[in-house]
Amino acid sequence: MNSNIRRAIGAAVVGALGVATLAACGGSGSDASDSKTVTLVSHDSFNASKPVLDDFTKKTGYKVRVVKSGDAGAAVNQAILSKSHPQGDVFFGVDNTLLSRALDNGLFTPYEAKGLDRVPRDLQLDAAKHRATPVDTGDICVNYDRAYFKDHKLAPPRSFDDLVKPEYKNLLVTENVATSSPGLAFQLGTVAKYGADGWQKYWQRLKDNGVEVVDGWEQAYNQRFSGSAAGKKAKGDKPLVVSYASSPPAEVLDAKPQPQEGPTGVATGTCFRQIEFAGLLSGAKNTEGGKALLDFLVSKEFQEDMPLQMFVKPANQDAKLPEVFTKYGAKIPDPETLAPEQIAKNREQWVKSWSSLLLK
Amino acid sequence: MALLRLDGVSVRFGARTALDAVDLEVAEHETVCVLGPSGSGKSTLLRVVAGLQRADAGRVTLEGRDQSGVPTHRRGVGLMFQDHQLFPQRDVAGNVAFGLRMRGAGRAERARTVDEVLDLVGLPGAQRRAVGALSGGEQQRVALARALAPRPRLLMLDEPFGQLDRGLRERLVVELRTLFSTLGTTVLAVTHDQGEAFALADRVVVMRDGRIAQSGTPLEVWQRPATEFVARFLGFDNVVAADVLGEAADTVWGKVPVPPGAPQGTQRLLVRPAGVRLTDVRDGLPCTVEARTFRGDHVALMLRPGDGPRLEAACALRDAPEAGARVGVAFDADEVVVLSAP
Amino acid sequence: MVVAPPEVEPPGHAPDGPGARRAADRRAAARGIASRLALMAVPFAFFAVFFAYPVAAIVARGLKDGGRWQFGRMGEVLGDPHIGHVLWFTTWQAAASTALTLALALPGAYVFARFDFPGKQVLRAVVTVPFVLPTVVAGSAFLALLGRGGLLDELWGVRLDTTVWAILLAHVFFNYAVVVRTVGGLWAQLDPRQEEAARVLGAGRFAAWRRVTLPALAPAVAAAALMVFLFTFTSFGVIQILGGPRYATLEVEIYQQTAQLLNLPTAAVLSIVQLLAVCVLLAVHAWTVRRRESTLRLVDAARTAHRPRGAGQWALLAGVLTCVTLLILLPLAVLVQRSFDGPDGYGPVFYRALQSAADNGGTFVVAPLEAIGNSLSYGLAATAIAVVIGGLAAAALTLRGGAKGGAKGGARGAGRLVRGFDALLMLPLGTSAVTVGFGFLITLDKPPLDLRDSWILVPLAQALVGVPFVVRTMLPVLRAVDVRLREAAAVLGASPLRAWREVDLPLVGRALAVAAGFAFAVSLGEFGATVFIARPESPTLPVAVARLLGRPGELNYGQAMALSTMLMLVCAVALLALERVRTDRSGEF
């Protein structure tokens, strides 16, 4: 081999090594093994304000490193796949629809977080083993466009039963159960309400009443819904949309001055409760730090920061909701729920039946 | 010792044989011109020597060293391509200095050599010009300068004057001849133009179908074409079948004298135009003048004898008969060559 | 192009040479193959580690149960009528999209290659912008045009959303630039005099084009078509946004099975099906273009362009500009308009909000504006990797089998090796992002390659998609470089590698710039793999946009539009700079 080729190969190898070295420097090697750093693995929606995280560091000495990937479903599945070499110490963001999958796969190590006593019992779905710690709740409900119903002198719907009434024909847009987490939650709500045998009949009536199905929440809320700011611009014409109970406060969050009443409201009888959990990852490198972080996640300080970061409600009953939530949000007295095991067992079948009912 | 030596070199492309057991030697400081029609394998010959084409058999030796397995860039030969192949993205200096850079020459040395070589080829000061903007003749000179600059032990030229007009070509040939003898360069050139070959070369090698048909000094080849092929390639068409006996031959043109010592028996005979002498129509072979072509210092006459192939004759301007005239023809033994078969 | 490099070196090898000489020859041949292998080594290692291994691991995870391969799953999954429907839809929409894209974009390629008109450079950069926009953003912009209350609806009452037409047109929107750049880049450098020569010989205008230009362009057209087909075959976001839930491609199905249902066996089967489909595609492609690009006469692009002449050319230019305006400029304009359409009328409200993390309700730990910086650095890293890997690969693919030709068997072996290698480089384009992302997760998790949450993983994943672009763009031009120029360099003392560097590289500078531009653009807009790769807090622009879009509230939506507009701008500026770099380069290198 002549010297030029040898030199070129040499250069290429050096280049490749350089990349690897860079990777090592910027990578987990240095940071993650540091006992003063605790790594939180989560989905893309996770957020916390910087002062709150800094305060945690000041109090415990642990620096928080956040690793995010994909939506909630993808993040949980990634955590399960990588459980033999977990990417961090704590996972946040598994909800009750996926909880069984996480627990059955042994994703978490039991730990009873300090302050768990301030979290209502009915949220503690793994109270016996304390593998999963409830952190927040969110309700998936039908939102309505106030202006539309005012203009049409029509009372907005309030319950699942209302939605199939003729006066609400062709008004509702919802999301594909197979691809959208709110879509799935809404369907689970109907299962909880009408039972494993009755929900299909209900959806048939919804279909006959002209429900529109789109693939994701973004399209439903930002494109098709007539009540949201984005939907208005996109000339959306559906005054009913499956969204979150926290969407109405979010709509007015940035409005200056804030209106007396938000442009959208919530049909309180159409809600399904999602509970998000965190847990200490099996095989966590920094177990102590992970425990401290779990304590912190249910603490009043974090819980009060959370609503405006992630548009969810605190699980800790001591935590006060920001005014914008109390003023523009609705109280959901009696949301639908389903046992995680039941969801885990039937989910695939339900999604299949739903798809063949609605999409064929 | 020969600088370049080819022993039984053969190259085949599928069923076609481009070079067929070629033996060739080029001595140091010698300029050898390979002459042949297109397709005779002469370009392949250069490519084998340069290492651009692998020989299927035989051996190439440079300065006594076998070159098989030596890659092109280590052979230290220069090759000027038929269509120059100047690097379009470099200027004149960039092209000329390329070989020097490959040899790791320093910047100053490169600049000096480029100046020198450009002077030599008659393009002083052209360093910064873009090669795309050069005329054909200038490109030729740049290509030559580029090949010369690294002082190759053997310089090879492929149809060096192919695309140039006549005047420029004749001038360049003379310039190159002078240049090569001044520099003492060893040159192996190929061309299809006998004029160029004879003007440039110390020795001419005529090729046909991948074989060497004849090799010798320009004068030798010119005067004694070895075969009918060579004769015809050199432009001699007065070739006729003959029965040689002693110093005369029987042909359809009648008795033709042959030089002493000529091979006897059935042969092919060449009479160079200069050996076709016009006489009174009653004294020689009677012919009709079919055409006359003005050739500068003489007139070429095309003569139709009563029998046999036409004859070309060269005669002085003032003696030239008109077309249609009847003339007689006699032959000079000095200008008659008995060709060897085939 | 999966074109076998011509092994035209002496086909017969006389068995009569002396042993020593033959050995020397064999050494020379071996050296040729060795240098090719050496060039291939780095790209090969790259693909083995960052593509083949992760994908194989995730597929094996799905198909292996208790250490045994469960191939029975294949029939089970493929027998499902739903999957059959998905396969059929995936294929025909890709074919239709490709045909439509070629039909609309080839005239565009011609116009950009051969006509001079004011604003050409800007326009050329602009048509490339869609290519790098995240599908979420582009999809919603497109919806504003075709959907309810969109322009078509208002003008003629035509709505195309949730129809296949919306999908096809959006695919044209995204892939227009692929054709214009791949084909137009070469077209601009074809010597128009060749066509003129044909005209002089009595060929009509069209006949001259068909007999002279088309054959020269064919490899580039095939390359572009292949890229477009691959992109549309694996389309994800467009289908979801514009097609509605009734239309699903294989890619969508794999995503659902993997990311949502964690049904790895089914996902594995589908991944294999997709890989096989891509392989078949590559094979068909190789079969159609199994002849070398003829050595083309390439000239400076600036010399071939002229102002349109005659009514026909003006009409062509007008037609192309109308098409570009309707299909590309209008959706982009809607995006820009929405980014300024604040709560109190038009103004830069959303742009101001982007600057601080605090102002936007804490959606980000860092200000969204920093996402631009992140995207740029990821993009540059990815481009560097893609250009090095792709450049080495393209060089290896064009290097002839040894300067003096290999021994017969060696050459044939090398040819097969090259074809296989070429195909390997293309595979990532046809592989689902979620498969690669999840594959990374379960393979690159142990030292020395624990890269899962390292920043380098993002550019690596992006480079996987960028490399095929680099190779595809460079191969036709590299192969078109006159081999005798390389020989001239060799005679002057340049080794094969040096000759490549000194002769090919400067000549393919433009192709390299185009390739780098593509790689950069792809990584700027890359969303699929990036979103599945866990990483410490440093969102890229598309990820930031998706996050903003994923939240209710006018400010978030407006910021998403503002950020998209900036992404568009960043990309347009980058592409424009690239064009400048090219034209500033004179004959000197």
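The chains carry the letters A, B and C, assigned in the order they are written, with residues numbered from 1 in each.
Following the convention adopted for this analysis, contacts are C-beta pairs under 8 Å (C-beta built on N, C-alpha and C of every residue); 3 or more make two chains touch, one makes a residue touch a chain.
The shown structure was predicted, so the numbers you read here are calculated from the model rather than taken from an experiment.
Asks: Comparing chain centres built from Cα atoms against the global Cα centre, which chain wins on proximity?
Replies: The chain sitting closest to the overall C-alpha centre is C.
Asks: Farthest chain from chain C, comparing Cα centres?
Replies: Farthest from chain C by mean C-alpha position: B.
Asks: Cα centroid separation between chain A and chain C, in whole Å?
Replies: Here the centre of chain C sits 34 Å away from the centre of chain A.
Asks: Can you work out the whole-Å distance between the CA centroids of chain B and chain C?
Replies: For chain B versus chain C, the centre distance works out to 54 Å.
Asks: Could you put a whole-Å number on the gap between the CA centroids of chain A and chain B?
Replies: That pair's centroid distance is 87 Å.
Asks: On chain B, where are the residues touching two or more other chains?
Replies: 71
Asks: Listing for chain A: what residues touch at least two other chains?
Replies: Residues 2.
Asks: Quick one: which residues in chain C touch 2 or more of the other chains?
Replies: In chain C, the residues touching two or more other chains are 31, 495-496, 498.
Asks: Would you tell me which residues of chain C are touching chain A in their complex?
Replies: Chain C residues touching chain A: 31, 34-35, 38-39, 41-42, 45-46, 61, 136, 140, 143-144, 147-150, 240-241, 243-246, 252, 256, 258-263, 338, 341, 343, 353, 357-358, 360-365, 385, 388, 392, 434, 437-438, 441-442, 445-448, 450-457, 495-498, 531-537, 543, 546-547, 549-558.
Asks: Per the contact definition, I'd like the list of chain C residues that touch chain B in the complex.
Replies: Residues in contact with chain B: 9-14, 16-17, 21, 24-25, 27-28, 31, 403-405, 482, 484-485, 487-496, 498-499, 502-503, 506-507, 509, 587-589.
Asks: Provide the residue numbers of chain A that touch chain C in the complex, in ascending order.
Replies: Interface residues on chain A, with respect to chain C: 1-2, 4-5, 8-9, 12-13, 15-16, 19-20, 22-24, 26-29, 31-32, 39, 41, 44-45, 47-50, 53, 65-71, 73-74, 77-78, 80-82, 84-85, 87-88, 101, 176, 178-179, 213-219, 221-223, 228-230, 233-237, 243-244, 246-247, 250-251, 253-255, 308-309, 311, 348, 358-359.
Asks: Applying the document's contact rule, which stretches of chain B touch chain C when the two form their complex?
Replies: Touching chain C from chain B are residues 10-14, 50-54, 56-57, 59, 66, 68-69, 71-79, 81, 83, 85, 87-91, 94, 98-99, 102-103, 130-132, 146-147, 150.
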